[in-house]
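Before any comments, here is the structure.
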Amino acid sequence: MRSPITDYLRDVVASCAEDDDESPLSVAVVTVEGTRYGAGDTEVTFPIQSISKALTYALALGDHGLDAVHDRIDVEPSGDAFNEISLEAETGRPRNAMINAGAIAAHSLVHGADTAERADRILALHSAFVGRELAVDESVVDDEMAGAHRNLALAHMLASVGVLACDPHEVVEGYARQCSIDVTSVDLAVLAATMANGGVHPDSGERVAPSAVMRQVLSTMTTCGMYDGTGDWIATVGIPAKSGVSGAVIGVLPGQLGIAVHSPGLDDRGNSIRGVRVFERLSRDMDLHMMDIAPSGHSAVRATRTDGAGTTYELQGDIRFVGAENIMSRVLDDSTDGGDPVTFDLEPARAINGAAIRLLTELIDRLRGDGRDVHVEDPNGLMDHRSADAG
Amino acid sequence: MRSPITDYLRDVVASCAEDDDESPLSVAVVTVEGTRYGAGDTEVTFPIQSISKALTYALALGDHGLDAVHDRIDVEPSGDAFNEISLEAETGRPRNAMINAGAIAAHSLVHGADTAERADRILALHSAFVGRELAVDESVVDDEMAGAHRNLALAHMLASVGVLACDPHEVVEGYARQCSIDVTSVDLAVLAATMANGGVHPDSGERVAPSAVMRQVLSTMTTCGMYDGTGDWIATVGIPAKSGVSGAVIGVLPGQLGIAVHSPGLDDRGNSIRGVRVFERLSRDMDLHMMDIAPSGHSAVRATRTDGAGTTYELQGDIRFVGAENIMSRVLDDSTDGGDPVTFDLEPARAINGAAIRLLTELIDRLRGDGRDVHVEDPNGLMDHRSADAG
Amino acid sequence: MRSPITDYLRDVVASCAEDDDESPLSVAVVTVEGTRYGAGDTEVTFPIQSISKALTYALALGDHGLDAVHDRIDVEPSGDAFNEISLEAETGRPRNAMINAGAIAAHSLVHGADTAERADRILALHSAFVGRELAVDESVVDDEMAGAHRNLALAHMLASVGVLACDPHEVVEGYARQCSIDVTSVDLAVLAATMANGGVHPDSGERVAPSAVMRQVLSTMTTCGMYDGTGDWIATVGIPAKSGVSGAVIGVLPGQLGIAVHSPGLDDRGNSIRGVRVFERLSRDMDLHMMDIAPSGHSAVRATRTDGAGTTYELQGDIRFVGAENIMSRVLDDSTDGGDPVTFDLEPARAINGAAIRLLTELIDRLRGDGRDVHVEDPNGLMDHRSADAG
Amino acid sequence: MRSPITDYLRDVVASCAEDDDESPLSVAVVTVEGTRYGAGDTEVTFPIQSISKALTYALALGDHGLDAVHDRIDVEPSGDAFNEISLEAETGRPRNAMINAGAIAAHSLVHGADTAERADRILALHSAFVGRELAVDESVVDDEMAGAHRNLALAHMLASVGVLACDPHEVVEGYARQCSIDVTSVDLAVLAATMANGGVHPDSGERVAPSAVMRQVLSTMTTCGMYDGTGDWIATVGIPAKSGVSGAVIGVLPGQLGIAVHSPGLDDRGNSIRGVRVFERLSRDMDLHMMDIAPSGHSAVRATRTDGAGTTYELQGDIRFVGAENIMSRVLDDSTDGGDPVTFDLEPARAINGAAIRLLTELIDRLRGDGRDVHVEDPNGLMDHRSADAG
């Protein structure tokens, strides 16, 4: 039996392709568990172009740390069109790493003895995120270099204000290489799913980028990823995203899935016309908007049982700050009558993050301080600190 | 026993107040279930100022619909300082509703026979979000009007490009009234919690704004809420927010909680210095960053049992698109051996949204089309369409 | 016999009116001696509009002095379109007095107890420059006020940065009055001729504005008078000018003549389409470009005679710095043989300005210091200091 | 006997050097007749820097014509600081040839097979204007190239919008060479005097640039020569000028003289601090402001004699449009009594330009048409058309 999701995507592709545009259109969705869905011309390859800005920024952040990179590249939306220069007036810092000036600065920050080594490390990171050996399309590199005046201008401008970490021509050549990495929409959806999974590849479970770096990259995509259409995109689609001039758009729903759409025609903001259309459709049909608020009233406490052995709280779901607050709130409400033992049953829960562990540990300490007898049933070791830190 | 959260907040207030600033400092946190925590000078009242932009925008959106308002007010970050004019070059549209020009345009769009009626409706909506009768501080109104040249300039400018829906002086007077609503930080945290709860008041369960409107408001706060420091804020704090010149900042974590901090000293972007500091501390300590990615591997399928009655899938948690995909994926994997009955046990689940209901319904139809016998155990009526649509 | 100049102007009007525009077209030229020439629809009256900016600025300069006005209004071209706001980023000062923001600021600086008095003084100055009692067209004032949102915006903006000297609504009403002064193109050409004559009316010989004020106004017209087309205008036409939205343009050739053209159709810079065309034609045909350089080789020394009475230098023309230098240079060349008496014959000269008087006086002192006998024949009293100072 | 002008300049240098700046200061004044005056460190040489923009623009204008160059380089002030990029939004055209972007574009337009030939032709034109063989300081070229990132950025930017006529690196190297021409302040004052003389060298009388080109260059210097301080400069000093980063400023008073000041310290607009001070002093003391208006009442008619031979008009001075108008006006006033012969005595006049010749010729034709007997006494051949056209 074919998945209804595949059928749904085919339907979306069919309806979004009902225009005069005869160029390819494909969409791919990959979950953080690695399940892949695709429809349309998913076999078509194309240069990754500006979507490479996300992982190059990630690499620079990993090489230098967030603060050092922030000294050279700001994280503010520019309010300008995609082809504006957008350097900060006083410092010359590029406004963010999702526009060309910032991406070129980020490329220059990637550790490497020379152009080739920087470009190789960037290609390797993309391969790791996708999970297969990607390659650079040399003919695209040549085309890029032939018309690279604008990027050379940006690179020299950055050099003139001391933001560039290496020779302008070398960085532009390297940047042309990173933009020429050959991908399919499925590749990009896997890449996006690895980002959605906090930098851990869904198939291998291998961590390919630190979670703090992923958080920074996704935050920047949220406020700056779709050029000067980002505000509109977040309002309408509500998924952190990045687009490229080859007509691809990736979307990352943290903890859930990665999406990629590819279709060449661009709007005047530099974003794929049909890419935007497909994402709007997916977001609306599948309730994927990140500000789409789940109804309240869900408790981290699945059930409360009081018997001779005291009160047992069955905990459920992914317990984070709000869940821990919810548990504490219940326990404190029940505590007026004092005295009897308390059991926290973590068996039905799925996960518990660091903040929640700290709060629950504090709660348990205080209950014990009040003379209460407290038991924790944690067969899956969720309260173990190391697993918490990895979260 | 006092909540560890209260103690934690007191600690945050104490450490963030270790400076020369002797003005008040308070923080309040309210969950989507209505639990309130506070620390510091929570009894201090102050004018709401620009934080009123969020709900005035909400009221305009409710009165006219998203598209009609979008024709008059864009949703893009301006890249400009908080006191820039920021009208779109071609159309004169304000760049977004979180800057003064856009807020004045939004105020003028609120339905009302006159200034008083518009201001009253805005006050009433704030009261509904907070859950108590708020009042306007008339002395603040007077002060605002005495120095209202800048807002009058913006209003006349908007009138000159046809964006304003009423008389410039009336709208500025009304805007001064909305900015002079007297609140405490706890009021603002409840207001934020109502936003976090999708427009449903945590205490009363009453819907005070449509969920689509809340989504639009929160999206705009995400990309534009902290003036030209929004990108930095989203990267560092990761919570949709809005600040005001009286030194208050609200943060909204959808589906989780509302936060408010108040302390008068402002940085050069117009945001509360200690407000930013407290939020950074809360986000880091409590893992509240919205791009903080939960580890993967959580299943919507709690357990699978196969016995003489066929295979039973126990479903758990909040089931949305990704959860439904997860369930389908499992069922399709198991289906190779065909034939035997399938039971979906929704008893352990907490909620299931519209997209997930549609996918599961499609899955069930296909299984039945394949001749399978399918049972759904749904004692809480989660698959009922009306409850889904309300989500 | 009709003047060939009148015939020439009729020919220019005829050829520049060969288009589909059926609106009036007129041109008037008035010399600094008061001779008037005109062609086309010279009887048509129209509101003076932005051309009133020049004399209102003059009045403010006269009332406060150049430095005090400079503190409130800069003198730099804005590089922006005519409808831009163009306030200096740091100070809020309008960029110059030829754009609306600066003109409104200048109006507010005119001394006067109230709106009426300020407007009356401005009207009176225009009447003095034209040489007849002008009047305000009240119906135009009403139209201006009905659509005054943009000017009200500018006035409130100026008030908010402390640049405005009175109430924003009063200044905008007064500004509407100054823009509604009813004139003909001949009126404007006389006004321009009075400016060309350094603030002295050509007919009456009455000084109606200080020469230092005129110099400042003409300088500002040179760099800012034609909005963001000023550079092109100076390159092509080469005459300090000011245009208005009613389709009039005045041009001032210092010491020579005033020109006015009127025809309503505007280009996208806000300047009269046919006005620009007529001025280009006049400048080219009549060699009026101020950078059109007279051939060198002209001497202030008309003839030198040496006889028994020593050497006599016959001086000619308007003697300024360069003329005085020329005389000294000759005398010093001739002085190698020392000794004999020197006579300066100023009878053939027309005028001699302050700088030249100072240099010649110094030369005479030195010659006498060298023991030479020096005579000055000055039947017209050109070397008299008071006449020099008036220059 | 030393010239009082030399003494005056020494006095200016002495008083303007009364500050803590120990760097060189020199001033030179050269008339259109070639007389040179200088004071201060006139033997100091320095690279010409941005002052070379004027003649490079002249060379490009000569090579391509005004219109073709205008298609690539606008003539509008930018309103921006000297280090802004200032390209026109829609076309990418540099705003004017006096800022770096425009100067680089102008350099690229100079005809030449390669970098060396372009640079040689520019050097040759500078040598021709100065009247001696200038040379490039190769050590300065090296320094310029070492820090040329900003110019390389501009050149690549221009190439990206199609404005550049050759390779970006070649043009920047060539531009570095033109900026490194070694000069003294006397050289620059002679260069300026040649410009003041309409492109004819004062010493040799040789035409080294067309007069139409000079007019365009001087117009651009008038509106754009002193970066974003040009408006202030024209208001205060009133002399078309160009400044350079080595601390030199040239001023050109058409038909009169060239001035150059050199002193290294720059203000925040990029203009020489003491250079501005000296020019302000010279303009004020010597009445050099170009909007300084000569008093009216000067007639081109020196005297009128009526005797048996009819009426004789003795013409004087430089006769241009206004002079010819003055003559006609007199003749027409006198003509009411008709009939008797008219004689125009041009002997006392100095020059008469094309427009005036055309008007007088027309007047003579009309008088003859009316049956009057007209004589022209023109012993110096001033009415000869060829000499008029050369004017």
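Points to keep in mind about this one:
Letters are used for the chains, namely A, B, C and D, taken in the order the chains are written, and counting of residues starts over at 1 for each.
To be clear about the criterion, a residue touches a chain if its C-beta (ideal position, glycine included) is under 8 Å from a C-beta of that chain, and two chains touch if they have at least 3 such contacts.
Only a predicted model underlies this, so the values are computations on that prediction, with no experimental measurement involved.
Look at the contact of chain A with chain B and you find the same residues on each copy: over half of the numbers used there are shared.
Using the mean of the Cα atoms as each chain's centre, the chain most removed from chain C is A. A separation of 61 Å divides the Cα centre of chain B from that of chain C. Look at where the CA atoms of chain A average out and do the same for chain C: the two points lie 64 Å apart. Centroids built from CA atoms put chain B at 21 Å from chain A. Those residues of chain A in touch with two or more other chains do not exist in this structure. If you sketch which chains touch which, the chains form one closed loop in which each chain touches exactly two neighbours. Under the touch rule stated earlier, the contacting chain pairs are A-B, A-D, B-C, C-D. Per the touch definition, chain A reaches chain B in the complex via residues 1, 3-5, 31-33, 35, 74-80, 86, 95-96, 196-198, 200, 202, 211, 214-216, 218-220, 222-224, 228-232, 234-235, 238, 240, 253-257, 285-299, 302, 316-318, 320-322, 325-326, 328-329, 332, 335, 348, 350-351, 353-355, 359, 362-363, 366-367, 370, 390-391.
Here chain B touches chain C in the complex through residues 85, 147, 149-150, 152-157, 159-160, 168, going by the rule given at the top.
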